[in-house]
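Each of the next two complexes has chain A plus one other chain: chain B in the first, chain C in the second.
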Partner chain A sequence: MSRTYISRHPLDDLLPLEPGIRAVDHLDVPRSSAIVSVMAMDGEEASVTAGLAASGDVSIRFTGPGEWLAVSQSETPESLHRNLSLLLAETAYFVDQSDGRVVFRLSGPNVRRILAKGIATDLHPAIFEVGTSSNVLCGHISINLARTGENEFELIVMRSFAIALFDDLKVMGREFDLSAGFSVRG
Partner chain B sequence: MTAYRLASGGLIDRSAPLDFRFDGRNLTGFSGDTLASALLANDQLLVGRSFKYHRPRGIVTAGPSEPNALVTIGKGADSDPNTKATVAELYSGLDAHSQNRFPSLKYDFGAVNGLLSPFLGAGFYYKTFMWPAAFWEKVYEPIIRKAAGLGRAVLERDPQAYEKCWAHCDLLVIGSGPTGLMAALTAGRAGLRVILADEDFRLGGSLLGETARVNDASAQDFTETVLAELRSLPNVTMMPRTTVFGWYDDNVFGAVERVQKHVALPQAKLPVERLWRIAAKRALLATGAEERPLVFGGNDRPGVIMAGAMRTYANRFGVAAGKSVAIFTNGSAGYRTAADLAAHGVEIAAIIDSRAEGADVAPDGVRVIRSASVIDTKGRQRVCGAVVERSGFEQTIACDAIAMSGGWNPVIHLACQRGAKAIWSEDLKTFLAPDVGNGLVVAGAAAGRYTLAGCLKDGAEKAVVIAADLGFSTVSHTAPAVEGEIDPSFTALWYSPGAKAKAFVDFQNDVHVKDIGLALREGFGHVEHAKRYTTNGMATDQGKLSGINATGLLAAMQGISPADVGTTTFRPFYTPVAFGALAGTSRDEHAAPVRKSPLHGWAQRNGAVFVDSGLWFRPAYFSRGGEKTWRESTDREVRNIRENAGLCDVSTLGKIEVFGPDAAEFLNRLYCNPFLKLPVGKARYGLMLREDGMVYDDGTTSRLSHEHFVMTTTTALAGGVMSHMEYCAQVHWPDLKVRFCSSTDQWAQMAIAGPKARLVLQALVEDDISDAAFPFLAAGAVTLRGGLKARLFRISFSGELAYELAVPAGLGEAVADAVMEEGMAHGICAYGLEALNVLRIEKGHVTHAEFAGRVTPDDAGFGRMVSAQKPDFIGKRLSTRYGLTAADRMQMVGLKPVEPDQHIRAGAHLLREGAKPSTLNDQGYVSSACFSPTLGHDIALAFLKSGRERYGERVVVWDKLAGAEVVAEICNPVFVDPGNTKLNS
Partner chain C sequence: MASLIHCPHCGVRPKEEFSIRGDASLIRPDPEASDEAWNDYVHIRSNPRGRYREHWQHVAGCRRWLVVERDTFTHEVFAVTDAASSAREAGR
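Entry: the complex of A and B
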């Protein structure tokens, strides 16, 4: 008997199905993202860096020396994995993390003040520039933080911590009436 | 006598009256008041009782060094003990209570201690409560504990919210007085990211009570002009109500912001206090100087107030501390207070100057008594006169308040918090901050530059240097001009001789001059010893007023320089910080993050009862209707797995993907057993040792392709093993070509165990999983019907025919539901950790209950697994050391009670039959125990001396905690299916 399995997001029971009223500071949660761990083979760090830079629609997050997360909202996990394998053949290893990581997008005028309640890193735009990413602690939870705009950040967290991080972000954003919802398109 | 509100003046809003209560009395103050200024304005001089003698005490200061005016604000769970009235911002509805008194502030039973004071000298406790020894615990300690402590902590849960925050800046300016303002302005103009923090609710520091004029304007107008410009600079953050309390490594400063301590009804979305960690490239300490009290007879009477504080109350708050004020001074500051009070129409009873001469000018008509000192004060709960001695002649001067001024102590606490000691300045007769490098620079009065012009200039100049140092080009600045400059000169006076009453050094702890002398005589003359022996400088104020005077007295009594006495140690916190602020949001469900398995929802739907397992919540058992205890559910689950099948969530086990041409070699060195030749498509049990030869972790590792392995770890050590691997790869073997990353969260993994496991799975899996095609320890990718890619491992913890199926985490619940659906016909059940544990004990499988850190592979029966051929692996060298191979080591065995209805508990110890129950006769211990539904009695795994040679022998299982002794037979630890026929079926 053939079966179809329906995927669940860890915040399925915590976020409304329909988008609600958006506050100026908003936490947007894509329902799904394609995320692949990329690890350069020995001695191939520079060529993988160059290859990833030319990967077009894919966003690259630094996670350690010679290691990145490749993130895409437009591709499926399979297509991202396949495209990267073609692009970086024989220079890197890949592990699909699309189900293992959850993406949070935080945006709004007070986003730095919200993040300062959990993250010790200096997020001044002159220091943590747009396009920068880093593994940091947000409160007790390890995340990958990326600046995607002047007042926009993406937090990527291990799936099992997603609810705990979401609860923390709500407390951090309470002062600014932070709203939250699933992405309309994602 | 009365203290009273002046008709005009002060930075208070007289159009905004505020009602508040003190000890039940309804009083009124104004917006801009502190609780202390409002109490003084209402002539409430008596505000507390001292700690030891319960002496009546009044407000002494106008700031954070206040030793006496400690009150409890609020009631019940909301109450805040030991709040300094001198810094508490007044608000409408504030409800304050005095402390350390019973039944009331005015009539206090504890005051009887004052009569006993001849017996309560320094070291009293140490000398008195010594014998009989038995009295200590039962009599003395309870009495002392009851008397100890200032204020009362409530035991109710704090209903308020707190939070913690990080901030970053180029320059942190601590203190917003003249020095801090000019530093912030100069640095702000130069483009530095500046944070200006001040503990006061109003920025401006001493300028708020200053009568000198700056740049042809009042000091207050000058302050407003500077603040307005600072507010206009986007790179400057101003933080009033923020106490910088500590200086830590890497130039991180701790600060606490009182966000809503000044409101009656805090907003729910804001914390009441916020703890800041400020990472500053540079910091400027502009904390000013503290006026030094004078040590004279009767100096603790309510109404004896610091001269500078009295000036602040008059100028900033429009409050006169008395109608007729006597001023006792050793320097110019006393004359300045006299001039300001006289200008407000307050009568100056006399200026008593300890110096023989001076150029200071007293207000018109005010009598100056030189070379004189105050030796006693008159009055009971408030002062009504000063007894003045000059050249052997005494006179009593009627007055209703006494201002005292003993010179200046720079506030240098933060600069001394990281180990550097304060340095005595013979010129300034005080201690100055040590040079602590570029990170923290001291300026203005905190650096001993006491004049107003000097402070303004120093703040600006130091900021210029810092800006240049950080690579900013600075704009030019002109030092503001000051009219009516302060003369800060004084002559040190540690003790005013001839005291006719107790001359207090430390008001809060009731330490007087004789106590210091006694400490010295009894051999506790070192400044740190004297502090502990006398309690001088302890408790909430930590000697802010008393510390330097104690040093001066210890020096004077020995005829040495204060430089040779030194100060006690400065440590964070500068002023007390609420535990709530230190905890921030990390309480209740936010105390530690919760990790949830991708099968959490599935388990919930199936009736799981969860248990904490590290950060995870894991199903302990699945309760069904009619089952009353966990044992009933667990026994049912175990029987069902042995007969049919069960599904258990094992997603929490660590999963690490290992890649590279050297991946096999890397694993071969990590594990004590061989991995080099593990075939593709096979799983193998691996045992990881620590360098000391003890077992660290275990799990199965499967080879998915020639250069790709997937390792599993225990749930507990998933992170630990990953770190261990990083360490080994980076430090031990950087030459190995290997890469790895965690995939724990990517996969939902379920164990399907039991004789019918294959029947259930085959209905879902497209591939052939017959015993021939997919035998025990097979591992690899499979496709579920419908096309879903999954991983399947034929491994077994229960001893049954078993598989572990891994699918992408998001699909975990759907697949688990499908397995249950397909398995229904075969009697499948969900099972939890309890059943998992029973199954593995029955099979003699180990967990961290056995691998508790002092067990070698051989102890646990894995001796033959350890490779003798491998040239090296972690733990190899120390595995052969003496003791680890001894014949009488404790070895893992099975135990079963001789009487089948008796119980064995984990943690019990083992004794030879007939041996006296004592750890001296210890033979071993029980690591795991359970009731075996399969066998119908308790079974246990235990570590026993030379255990493997002793099968058939009997031991006593001694459980001292439960008071039980059970005779058990030693047996093979594999209770069920020792021939492995089930898992190979």
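Entry: the complex of A and C
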């Protein structure tokens, strides 16, 4: 029996299809991102770190010693997986996570005050610098948090937790009239 | 309970991110050891008031096992090391 699988974003029913009025603090949800988890082989951590740093348009998120998430908005999951596999064939393992994770992009002047309602980690600009990333607990959900800009953070969460995290973020941002919508960029 | 743990991989984190397994100073007995030795290893635990070495797992962070040396009375944390490196130091 043949089945037709339909790619669906977990927040399809919760976010408006058309972009609404954007508040100063905004939660941007990309419809699709290429995400690949990378795990260095034993003793190859340093060479994989160097290799990933040279991988160009890919954003690297730290998840643990010798483990990363490689995120790209421009590449397809297949090409990201293939490019990394070719680049680091003998030193690391790769698993495609694009359908298993959801990316949230939170930006605005009050972003730290919003995140402070769920995250106990110090996010002061001088401590959590641009480019820093780490796994943290947000409420009861473990997420990967990365600072991607001056007042911009990206949260990567397991797909099955996406709706729960979205509900939490809405409550955390209510005080600041946080708006939410799918990313215009795709 | 010590409320802030300095994870060697992730930095200062709240204790809610961790899961605690218990005593880290136990050494697994030989498979041929007596039933009494195995009973002690599996079931018998001290409950010290003071310095204690425990296995903690950073489940919501780097997911690594850590050895946390802390004081159960004053809540002071003396040292946090990765369990793999502390096992290597102990020659296991």
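Definition applied: the second predicted complex is superposed on the first by the 181 of 186 C-alpha atoms of A that agree within 3 Å, B and C clash if a C-alpha of one lies under 4 Å from a C-alpha of the other, contacts with A are read in each partner's own complex, and residues count from 1 in each chain.
What we mean here is this: a residue touches a chain if its C-beta (ideal position, glycine included) is under 8 Å from a C-beta of that chain, and two chains touch if they have at least 3 such contacts.
Treat the numbers as computed from the prediction; the structure is a model and nothing was measured.
When both complexes are overlaid on chain A, the residue A:24 reaches neither chain B nor chain C.
When the two complexes are overlaid on their common chain A, residue A:159 makes contact with chain B while staying clear of chain C.
In the superposed three-chain model, the partner touching more residues of chain A is B, compared with the other of chain B and chain C. Of the two partner chains placed by the overlay, chain B and chain C both lie in contact with A:120. Legend: residue contacts after superposition of the two complexes on their common chain; A:137 is shown touching chain C, with no touch to chain B.
Of the two partner chains placed by the overlay, neither chain B nor chain C lies in contact with A:15. Across the superposed pair, chain B and chain C both touch chain A at residues 67, 120-122.
Within the complex formed with chain A, the chain C residues making contact are 9-14, 16-17, 59-64, 82.
Chain A meets chain C in the complex at residues 63-65, 67, 120-122, 134-137, 142. The part of chain B that touches chain A in the complex is made up of residues 163-168, 193, 269-270, 277, 279, 585-586, 589-590, 592-598, 601, 616, 652, 657, 659-660, 708, 737, 739-741, 743-747, 763-764, 784-788, 807-815, 818.
The touching residues of chain A, counted against chain B in their complex, run 1-10, 13, 32, 37, 39-42, 66-67, 93, 95-101, 116-117, 119-122, 124, 127, 139-141, 158-161, 163-165, 167-168, 171-172, 174-175, 177.
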